[in-house]
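Chains here go by letter, A, B and C, matching the order in which they are written, and residues are numbered from 1 within each.
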């Protein structure tokens, strides 16, 4: 049965369209419209300070952004941040998931504790670590100094790395959650077969566990990476992009451009470039991770 | 024996690794809690472990600050956001789960979930500015809906997928309309899912800083924005900040603990099948 | 009352036809079984009658009243699903009363009717339980009770016994037949289990690829299969088929030799000749009329308690399966040659389907 695309009479409308109507209205209002507005904005010279003097400038904003050193720097920072954080989290999360699976007692308790960080207000996490790692009042540098290690966690060399560590602390639990679910969903028989065949622990892991987990790994990777692109709270809570601009991430850059310098047009252009970048990234990951078909 | 490995070394290493992970997770909370009950004169001293506990910081925050108002704002905003998300998300998720022709829609929900806030904040800010809704709860709720609605909907699709289709067929044969079958039979069955999705949405809204920072003012300020302020204004008020952090974190931890096993199905469930 | 008519019923998804022009009349109070391999369209037929799927073309009427376009709730039918489809959030009592509630019946009357049916099915002590606290057999009873309470014109069963274990299945089978005798309501029962169909049906409808192959009583279906598909589908072990050709008007040319038959088929036509395994006998010394003797070698013997299945092979490579009584099993010995007899009147001849 086919339904006409344009429905004039609401009473005749198929129930499936009635059911999605509220969502469609809501999302058009709060997402689609702003999104289109953003596209328009990116083509204007729109400054909050001169809100009555908006001029169409075409792709000038894009040109400006694409050649802006601090945008490129922010993009570079974000990419290194995302790549290192996600890889750490992937490896740690998978190892912890495998370990938790091996737990004989306290399994539920350990899982609950280790999952906890992912639910916490990120700004609170940022401030917590700013406090813990502070070179004057932080407990970690204090005791590190006692054993002769002197590190300036938020200094020019380490700041971005510290932010990565904080992200790892908060978001490894997400990977853990995904992998626990993934491992639980795996069928038992291939593992039993491998044991009967005499396969060792590592062989089993690399030739059975890992390939079967592949879809979960890909999904977890994409979700986490996209989320990491939005990193803002830690930067805002701790370094405000500094020292210099060594921790300025793309979100912080857009925040600065739009709401500190009030240049909305350029900020919109930057956010659109971000979206394009993310899209390319997702398509790339999905294609690369697709299992090769044997012909 | 805590970990089931055959050889003793792996067993030892496994147990140690889990132990370290637990300490790494718990220690920051512990230290923050210690800080919150240190007398203000001892605040920010990493060498002090033993002291006379004082509830002065807690008293200050509870009786003598804006934090209770911020909590109320955060709570109210998160609650309304979740209610709207469920009202719009549940019927749509049901439709996506049951009817043909919505495969694309599932992925647009996922895409909406992935939309970076950077692209939405500029137009939302300008719109709310023109509508004079900056520093209003309505404004923040609107912004929070942009990320809570997709997540809640995505969650619920997974839960509806698990309900056998025969149930609403049976209800329709029993004399009910399709819509009655949905709300009299299917909704009660997925009630745990609705609760889980709602709580997860609540936590997301409660935790947001980015939108709240830009869209709230003195009146509508949420807890995360307030917390951020403790380090920037009037120097550092470590003890009070510690209290505020704990106040923000504790309810979220309790709530999310209650939905943990559903979360695996919600986030993982729809993803694992991909 | 409860007469059902399908006229030229068609159902297609995209370009695939699930049901391809189905005509069928179901009599009042009849126990009709829809039988066929999976994917034959039997369940779809049932769902079309229930109104759960929309018809692509054709009409369905109940008691002469066209219900093709009606919603399920307006058709006055009840259905028992394979997985019972009990409402997990409701008690047994609420489950059974849910359909009556839809009719806006008073709670008191609902309670009365539910109690009556619960009594009939022995469910009274379970009325306050939730479905997940019941065993499979009990859930099945509740599902049936829920259907009975509403006193519909037609009962639909969609493979309701396939999730039960063997003993329970026999028990529920007997119970459903007993209920049918007592209530006398038209019942349409879908199954892929031929034994179930044979045991329960007044009439069986055999379907394949969206079409009806044959409609008839269990006896007709078994002894007079009209098509090659029905012949091959019904019976266990299934019928032996031998490819052959009509060599002249009353003789069949087969790999195992030529056989005289009565047939109206033309010279040169290719046919499949079928014979049921239990019709293959050991040849006696004295030869009877219309008997065809074939020499075969015993290749396999499967003992099944009271009977045994013996596989034999003719020198042409043709394999013949026969069913042998336990008492006679001594006469068959693996690897030896024996003479078997095929009676002409137990042969089924099907013209070869041309593609």
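In this section, contacts are C-beta pairs under 8 Å (C-beta built on N, C-alpha and C of every residue); 3 or more make two chains touch, one makes a residue touch a chain.
Since we're looking at a predicted model, the values are computed, not measured.
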**OP:** Determine the shape of the graph in which chains are vertices and touching pairs are edges (line, ring, star, complete, other).
**Re:** line
Subject >> Two chains joined by the most C-beta pairs in contact, as defined above >> reply: A-B
**OP:** Calculate how many whole Å lie between the centre of chain B and the centre of chain C, each centre taken as the average of the chain's C-alpha atoms.
**Re:** 55
Original post:
Taking each chain's centre as its mean C-alpha position, how far apart are chain A and chain B in Å?
Top reply: 16
Original post:
Which parts of chain C, given as residue numbers and ranges, touch two or more other chains?
Top reply: none
Original post:
Which of the residues in chain A come into contact with chain B in the complex?
Top reply: 15-16, 18-20, 22-27, 30-31, 33-35, 37-38, 41, 95-96, 99-100, 102-106, 110-117, 119-124, 127-132, 136-139, 142-143, 169, 174, 177-178, 180-182, 184-185, 215-216, 218-220, 223, 226, 229-230, 232-233, 236-237, 250-251, 254-255, 258-259, 264, 267-268, 270-272, 274-275, 278, 282
Subject >> Complex interface listing, chain C residues touching chain B >> reply: 47, 50-52, 71-73, 75, 77-79, 81-83, 85, 87-89, 98-99, 102-103, 146, 150
Original post:
Given the complex with chain C, which residues does chain B contribute to the contact?
Top reply: 164, 166-167, 169-177, 180, 185, 188-189, 191
**OP:** Sort out for me which residues of chain B touch chain A in the complex.
**Re:** 1-5, 14, 17-18, 21-22, 24-26, 28, 31-32, 35, 44-47, 84, 87-89, 91-92, 94-96, 98-99, 101-102, 105, 112, 114-127, 142-143, 145-146, 149-150, 153, 178-179, 182, 203, 206-207, 209-210, 213-214, 223-224, 227-228, 230-231, 238, 241-242, 245, 248-249, 252-253, 255-257, 260, 263-265, 267-269, 271-272, 274
